[in-house]
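Several structures are given next for inspection.
Each of the two complexes below includes subunit A, the first together with subunit B, the second together with subunit C.
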Partner chain A sequence: MHFFAEEVIVLLIDDRKVYGCLRSLDHHGNIVLEGARERIIVGDLYCDVPLGLFVIRGESSILIGQLRFGMEDLPEDMMCVSEEEIKKAQKVEKEAKDLKSFMMKRMGFLDFLD
Partner chain B sequence: MLFFSYFKDLVGREVTVELKNDLAIRGTLHSVDQYLNIKLENTRVVDQDKYPHMLSVRNCFIRGSVVRYVQLPPEGVDIEILHDATRREARGG
Partner chain C sequence: MLPLSLLKTAQGHPMLVELKNGETYNGHLVNCDTWMNIHLREVICTSKDGDRFWRMPECYIRGNTIKYLRVPDEVIDKVQEESKSRTDRKPPGVGRGRGRGGSQDGPGGRPAKGIGRGFDEGGARGQGGSRGGRGGLGGSRGAGRGRG
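Take a look at the complex of A and B:
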């Protein structure tokens, strides 16, 4: 089982997902992806951002997954949007998360917040 | 080296690998190396709804350093052998 010259997904430690064709791999786990693209997923929305040839340092990768039949399928109800829209959705999600953690910090003793 | 050989004996069994980012993946153990990097076959993610991008992943390579737990099948654990091996290792033999 080896994934060379196949479409793979690489999960990174900062929770990013990069798709691409696996070209090279060494014993540190450094990875070279050809035609790489990052898939940003926010809720039901997603967007692929092209990255070109991508070298990933071994320590920042978590997992290399071989895609079934080279497919990149997602659940059918997910919608592909433009880069601008996904950035906006990301921002909204981050703000909501920040607000929640702020509330938790201040009023964590109120257990209904959870 | 003890756990390397231990995991080598588990090749072919069904295990659940829990990662430090809380992703849990179940699959057949295909191989393991000296860093305890793990290759799984026929994988499925335990909490599929939370990780839609993992839907089409069937085989995967997991970096050893990000593994938090490996859940083993009960019949894959022989306590006696493991005890003996641990003692031998501690004695330095």
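Take a look at the complex of A and C:
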């Protein structure tokens, strides 16, 4: 593994994106990240939530990728917001999604809904 | 340093465990094993949406239900310290292995723990107990305590 002591991104099974410095890895794929943070993205808002030392069970990671440190380039229109704001935005997004799935369940036979 | 040895070092520290179903458990780690099964004390369980909470004095979590764990930062320093002191104490490759030693130890050898019963049974000691240092054999002889 060439990733040790490097900045990596780990995609979890619940679609979360965690960044951190890779410290350890075993044959199950269990991972230790130091100084981990989760990047929450809602629409064009994003926020990095610090998590500290993070142990991920191998089964629950989808991919591990190397990040070249300092080379992160975000699209222009992305805006960094505070943790509370992103949580609020996340909640609104979830409510909208729930409402949509509810409507689709009840009114799915109407094909103009999509 | 493997992820599981880090977890072993985190014994006694507070930690957060999130399960695959989204529930989180906050508590102090009592013990863990190689399957990542975890024993926590003073636990607060939080539901997936984070709106309901339960307190429990202790709980045991099966390893394969875990998604991730959050551990205090100082644990990584501690695990490095520990692994360093371990290599200082015993350089790799000169250990005596863990076979059924004892025969070369002479009379001073550690009495082997037999598998059978009768090891600590006074009446059965006649045969089994005197054969200290011979591994499982002594124990199995000791099991025939009907004769004793």
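By our rule, the second predicted complex is superposed on the first by the 109 of 114 C-alpha atoms of A that agree within 3 Å, B and C clash if a C-alpha of one lies under 4 Å from a C-alpha of the other, contacts with A are read in each partner's own complex, and residues count from 1 in each chain.
As a working rule, contacts are C-beta pairs under 8 Å (C-beta built on N, C-alpha and C of every residue); 3 or more make two chains touch, one makes a residue touch a chain.
Remember, predicted model here, so these are calculated numbers, not experimental data.
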item: Clash-or-fit label for the pair subunit B, subunit C on subunit A; value: fit
item: Apex subunit A: angle to the C-alpha centres of subunit B and subunit C, given in degrees as a multiple of 10; value: 80
item: Partner, of subunit C and subunit B, that touches more residues belonging to subunit A; value: B
item: Touching partner for A:I13 - first (subunit B), second (subunit C), both, neither; value: both
item: Which of subunit B and subunit C A:E84 touches, first, second, both or neither; value: neither
item: First, second, both or neither for A:L63, with subunit B first and subunit C second; value: first
item: Touched partner set for A:F3, first subunit B, second subunit C, both or neither; value: first
item: First (subunit B), second (subunit C), both or neither touched by A:E76; value: neither
item: Subunit B versus subunit C as contact partner of A:E34, first or second or both or neither; value: second
item: Nearest-approach distance, in Å, of subunit C Cα atoms to those of subunit B in the combined model; value: 15
item: Common ground on subunit A, meaning residues reached by subunit C in one complex and by subunit B in the other; value: 13, 59
item: Subunit A-touching residues of subunit B, taken from the complex the two chains share; value: 19, 21, 23, 25, 30-31, 37, 39, 41, 43, 52-63, 65-66
item: Sites on subunit A touched by subunit C in the complex; value: 12-14, 23-26, 30-32, 34, 51-57, 59-60
item: List of subunit C residues in touch with subunit A within their complex; value: 1-4, 6-7, 20, 22, 36, 63-64, 66-73, 75-76
item: Of subunit A, residues touching subunit B in the complex; value: 1, 3, 9, 11, 13, 15, 17, 29, 39, 41, 58-59, 61-68, 71-75, 78
